[in-house]
Amino acid sequence: MSALAAAAQEFGPGLLVAALAAPLVVLAVVLSPKLRFAALAMSPLAPLPALAAAILAIGGAPFEGELPGLRMSFRLDLPGAILLAAAALVWIAASVFARADWTGRPNAERFAVSWLLTMAGSLGVFVAADLLTFYLVYALVSVPAYYLIADDEDAGSSRAGGVYLAFTLIGEAVLLIAFVMLAAGEPGGSLDIRAVVDALPASPWRDAALALLILGFGMKIALAPLNGWMPLAYAAAPIPAAAVLSGAAVKAGVIGLIRFLPLGAALPGWGEALAWAGFVSAFYGVAIGLTQRDPKTILAYSSISQMGVIAAVLGLGLAGADQNAASDAAFYAANHVLVKAALFLSVGVAAALTGRGRSPALIVAAALALSLGGLPLTGGALAKLAVKGTLGDGVAGAVAAASAAATTALMLHFFIRLARSDNDGKAASPQRILSWLALAFASMLVPWLMFPAVGGDLADALATATLWDAIWPMLIGAALAAGLWALGEPLPRIPAGDIVVAQEAAFRASAPPLGAAFERLDWRLRQWPAAGLSLLTIALALAAAGFASR
Amino acid sequence: MSVLQALDVGLAFLVFAVAAWTVFAPGPFAATVGYVVYGLLLSLVWIRLFAVDVALTEAAIGSGVTGVLLIGAAARLRGAETTPAEEALTGLTRLFAAGLCLLVAAALAAVVLLLPDQGPTLAPQSMERLPETGLGNPVTAVLIAFRSFDTMLEKVVLVLGVVGVWSLAADRYWGGAPGEARAERPEPTLAFFAQVLAPIGILVGVHVFWVGADEPGGAFQGGAILAAMWMIVMMARLTEAPQASAFWLRLALIAGPAVFLAAGVAGAVVAGGFFAYPPGLAKPLILFIETFMTFTIAVTLPMLVAGPPRREPRR
Amino acid sequence: MSSATLAGLVGAALVGLGLYGVIADPQPLRKILAFNLIGSGVFLVFGIVARKGAAAGLSADPVPQAMVITGIVVAFAASALAVALTLRLFEETGRATLRPDAGTKPPDDGADAE
Amino acid sequence: MSLALDLFSIAAISAGVFFFLAGTVGLLRFPDALSRLHALTKADNLGLGLIVLGLLPRAESLLAALMLVAIWALVQLAGATAAQLIGRAVRRKGPAI
Amino acid sequence: MTEGASAFAATAGGSLLALPILVPAAGVLLSFLLGGRQAERIALALMPVQFGFAVAIASLIWRSGQPLVYVLGGYAPPLGIALRADGFSAVMLVTTSLIMPAAGLYARTNFATPNDGTERRAPLVFWTLLQAIQAALSLIFLGGDLFNLYVALELLTFAAAPLVCLDGRPETLAAALRYLMFALFGALFYLLGVALLYGAYGTLDIVLLSRQIRAEPAVWLAAGLMTAGLLAKTALFPLHLWLPPAHANAPAAASAVLSGLVVKGSFFLIVRLWFNVLPALPNAVPGAILAALGSAAILAGSALALRQERLKLLIAYSTVAQIGYLFLMFPLASGPWSAEAFSGGVMQALSHAFAKAAMFLSAGLIAESLGHDRIAGLGGAGRAMPVTFLALGLGGLSLMGLPPSGGFAAKWLLMKASIEAGQWVWAVVMLAGGLLAGGYLYRVLAPALSGNRPRLKSPPRRSRENVALALALAAVLLAFAPPTFFAFLQIGRPAAGAALR
């Protein structure tokens, strides 16, 4: 262990820079037409420095790095490392899976550029140490992903891309002002995230900053009612893109909450508000998800639900000044990174397989799906165990158990829909199947490896009481799913994206008239007499203002 | 109230009335004629302000050359005189505009009245440093020595004005001469007038320039008179406007600022600073610069009035 | 009231008149005339400033006078450029106007290859 | 002597002012362009001439007196030319000015 | 005049200040005289020289930590004219000397003189006036006398207006006429203010004025008139009537200079006026008025950009919006956050200069290659000319204020200052502006990178694409400006609201 710690101090800083740089280097090579093919083949290697850094930090000790010339600084602590490791694995697997997408398609070049930029941002958010670096990589993981979502160029993906971009940009704007408040609240002028968050509880802008942070990151993790973009985006994106977006990219919001909520300071009001928002989202996601037919859309609603649980855990941590909530939530999220990505790849694999190959694939998919519900011996069970301490045994614990039941029901619904889904006619390349299997395997194994790092006890995980605690909510969920199934799916059909439909309608109803009003105003003001009168008015107003302020 | 004061008040009302005429006159042509009269009256105001240099400039350039320019334009714009209905202002807008303009004028008048009767001045400093320049007219000293940088740049503005006006030529006329082709037979009355007046005018112009060193007058005023003479000669069709591509014309147009600029740079070498004059040589140097400036003004103003080239160049 | 103050008031009134003309009269040529009115009003303000600065045996401060002379020449050049533009616009379109729609029409294909 | 000269000046200038006044009234009141022109040229020629005449005895030097006369001569020249041109324009385009 | 003497002690190397004005002025005269191909040669040859001057001035200021002063002709103000360069002047000079050659290199294709050497109208006018703009801007950045700066303003107008209608189409003529008229309108207001200030204090030197200035009616009327006049030239909403048609119809290289630099000239003078001439006066309310107009500009300009059908008009309206950001620094001019606000405003000026120049050049390439610049017809164009659209996109990044870009740095600083000052509303406006900018860029970039490649009339030349890209990269690189850069900007900035000395 000490050897790893020493190695962490020795190589860590360099690896942090390399983690961010590697995808960008590959990107630079991709831009050269001659070397493009070779570079694309190398893209699965791009997340390796990040993975190495994560292993060093989990096994060894946290470390920092910086690029003074670019005024960027990095830090890898335990929550970040756990998420980074999971995200790096997903990016490796998905890059292999996506290699068929690199070439021979009209948008291959655009897809590759977006992919690598998103990768750099996705890995970068977990290691960014100061506000500006974080904002930069956060933008990187968010904005270029537009082209991953709108890749197909049909009406559906254009709409999904547009909605995604709108949410993303609004979220960025909200976060920008929150970050500015954080920076303004730090009297020393430091931009280090730790420093500004430590100063937050005493800052005059505390409440505004917290509200904006929760709003901004809440949009990223699709807390209801800001959830509408997620089902559209994941359904529209190609399989590997959906995998990395739902697995890795969305965790930028989670790490944001972990990093920026002052978990050490007890803020019950804000904490409980966030927790309730999270729980509402957790059930809302399931409820709407159960009405959906498309497996990818169902997975998206499951993400909404799971992100709600994570938000609830962090909210309770904030309310109770629970420092461990950070790494516990990170662990829960890391499990979701791996499982959700593997599930999306399952959708792709299942669609490509026919006949004899399909059944084993569906069994793996089922195991993955139930992992999210907390199936014993899976990473999901460990994840539930990890956050148990923060949730406690009271109301929150009961609600969490109910959410596990609901998740189980939703995942069974997903499984049935997946099993019934059509073949898309594309042959399944061995590359795809292998990368999927590898990721599925990793999603089972890696949580076990990381569990001790967050203070978990593996023996505890295998205790009978724990197993029973995990199983009974699942049974309830299974019963629920079976009941719904038996009734012939009586739920109303709600359009994917649910509330976003109303939001889009409101936008369509208000934006063009507003724009037309601006045009009329502009036309009036640009008439010569109007401009001349404006000039006189401004001159007089400025003079009068100065005169009056004597 | 003394007679002089009464005359001042009368002049003020007259100026105001003619100005109002130029704004409210029914047609652009009438308004333009009003403007020329207004310019002449304004020269009288300047004389009453003991600013004879300005009065000369106002009469020559502000009223004279500008008047020719505007009257020519008004004549060519016949047909554009009617205002399309959609551009006419509503009564309310007019009222609002009038109110705002009144407010600005009132504020300005109030501030002007509040200025102290014996205001801050640079007259003593000008007189103190006047001997260095060897000049007798402090206004000329300000223009050519104390604030020579302004004056040089303003000459560059004139060059840019010519470039801008010429840039409006159609491509096929580039390098050609402005104005209509020369008539076969000059207008006899005008020709006679020009033949008589031009020599006298040139004499007067050179005189005004020359005395400018010590008395009211100078490069601007003299140059403007010379310019007027050339314009009259061109109007009488005794001579044609030169081709825009003519090297001598270009040289004449830039000679003033170029010599000024060169002298300014030379100052850095021989007199220890940009636009500094070597002691003792100041007056001859200033007269040298002014000579070229006068010449350039005399050429530039007619070219600005003549407008862009409108004839195909002769090769 | 001294003649200088009177001139200042005339200057203020000229500025007001000119402003009204510039704003309210739709024809560019009339606007150019009005600009010149404002200009001479401004110059008169310089004039009264110069007159009030009479000192050292001079009946007016020479510095503002020099500025007015510079200003008159610049104003003339500006008028010349504006007149030339107005005339050219009139030749091209048959009307001289400052309406904002004159410039915002999309050009025909190829016509905008500079 | 000086009294006589002063009287002469006053008489001449007053007469000049009268002609200017008459010319102006004519300019404003006459019906058509040619008759207005007629009124105007009278004001120019006679009015200015008489004023210059009245001012001559008051001139400080011979040069100043010569300049006064030169001014009158130049105005004569300009007035005559302008009247010619206007008259010609009226004949060509009709008297609708 | 002991006071004057101390303010005008010649600083070492001060004579350098005259050169960036005189050299391009000489270039104008020579180009006009020699004509033909010489104009282009002279213009291009002088650009590196100009860059050298700018860098030399900046390094002198940097080394001494003091503004650079030069007295012209040995006649110290108030009688004579002084030139003065502070940190802000120096960065604007350097920026100008970088964007000018970019526009020049780009324009070589459009404004070439034929091989037989026959002089053509458009090339001669373009190359001559380009140098005139450079001279005028240098004078604006260096001038220390308010009347001298009036001459500079007129020089700038005379140089810029004919560029708008260089192609002689009727709509460009109308645009140029509106531009010229409104600029003259503004100049007269400025001049009137100058007259009042001279009447009150007997000097027009900025430093001398700032020492004597008092809160009195003449000063406030002068400040109102001068500011309004300069706003007219800056095209701050609602005085923007001339800008969209002028900038959208000018040749691309001219648009880049007009939008990137020329509007910054009059903005620079507004900063000079409020930060250098009037800093001792209470300026909260006038500052708030300016920022309110700026906010209106941001919202209206962006919303209108969203609705344009032509790319160049869209970019022009985005200039209307971006100008608005520049004015958010004024209500934040006094207080402990003033340095941040000032830096933010300057950063916005710089990054917009580079970004907008890059975007106009890209738009020019697009229009030339496609034969039109209708946004509806841009589908797939990004695939046919990726470098051009990369430059457009990177410029857009800065406009939106996304990192890494100078636009982001500017927004960050301005927002921080407005939050610290408790003036939330400006921060909210900036956010809304960024979102709308995202919207109008999305309208251009999303279709451009989708769909089939259109057939190009002629592919853009790589060298011209690189020029646009270099400018866009410069806007991006501003994000990495080191803290010393911001310290440099503060050299010579008087503390606003400071007590009278």
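By written order: A, B, C, D and E. Residues from 1 in each chain.
The working rule: contacts are C-beta pairs under 8 Å (C-beta built on N, C-alpha and C of every residue); 3 or more make two chains touch, one makes a residue touch a chain.
Predicted, not measured: the structure shown is a model, and the values here were computed from it.
Any chain bridging chain A and chain D, meaning touching each of them, is among B; the list is complete. The chain occupying the central position, as judged from C-alpha centroids, is E. In this assembly, the chain whose C-alpha centre lies farthest from chain A is D. Ranked by number of C-beta pairs in contact, the top chain pair is B-C. Centroids of chain A and chain C (each the mean of its C-alpha atoms) stand 62 Å apart. Mean C-alpha positions place chain C and chain E at a centre distance of 25 Å. Per-chain CA centroids place chain B at a distance of 28 Å from chain D. Chain centres here are Cα averages; for chain D and chain E they lie 57 Å apart.
Among the residues of chain B, those in touch with two or more other chains are 89, 93, 97, 100-101, 104, 107-108, 112, 115, 119-122, 126, 146-147, 150, 154, 157, 160-161, 164, 168. Within chain E, residues 79, 147, 151, 154, 158, 161-162, 165-166, 168, 173, 178, 185, 192, 196, 199, 202, 217, 221, 241 each touch two or more of the remaining chains.
Pairs of chains in mutual contact: A-B, A-C, A-E, B-C, B-D, B-E, C-E.
Taken in their complex, chain B has these residues touching chain A: 89, 93, 96-97, 100-101, 103-104, 107.
By the touch rule above, chain E contacts chain C in their complex via residues 79, 110, 147, 150-151, 154, 157-158, 161-162, 165-178, 180-181, 184-185, 187-188, 191-192, 195-196, 198-199, 202, 241, 244-246, 248-249, 251-252, 309-310, 313, 364, 367-368, 371-374.
Residues 15, 22, 28, 31-32, 35, 38-39, 42, 45-46, 48-49, 52-53, 61, 63-64, 67, 70-71, 74, 77-78, 81-82, 85-86, 88-89, 92-93, 97-100, 102-107, 109-114 of chain C touch chain E in their complex. Contact residues of chain A toward chain E in the complex are 69-71, 107, 110, 132, 135-136, 139, 143, 146-147, 150, 153, 158, 161-162, 165, 169-170, 172-174, 176-177, 180-181, 183-184, 205, 514-516, 518-519, 521-522, 525-528, 530-532, 534-536, 538-550. Residue ranges on chain A touching chain B, taken from their complex, read 529, 532-533, 536-537, 539-540, 543.
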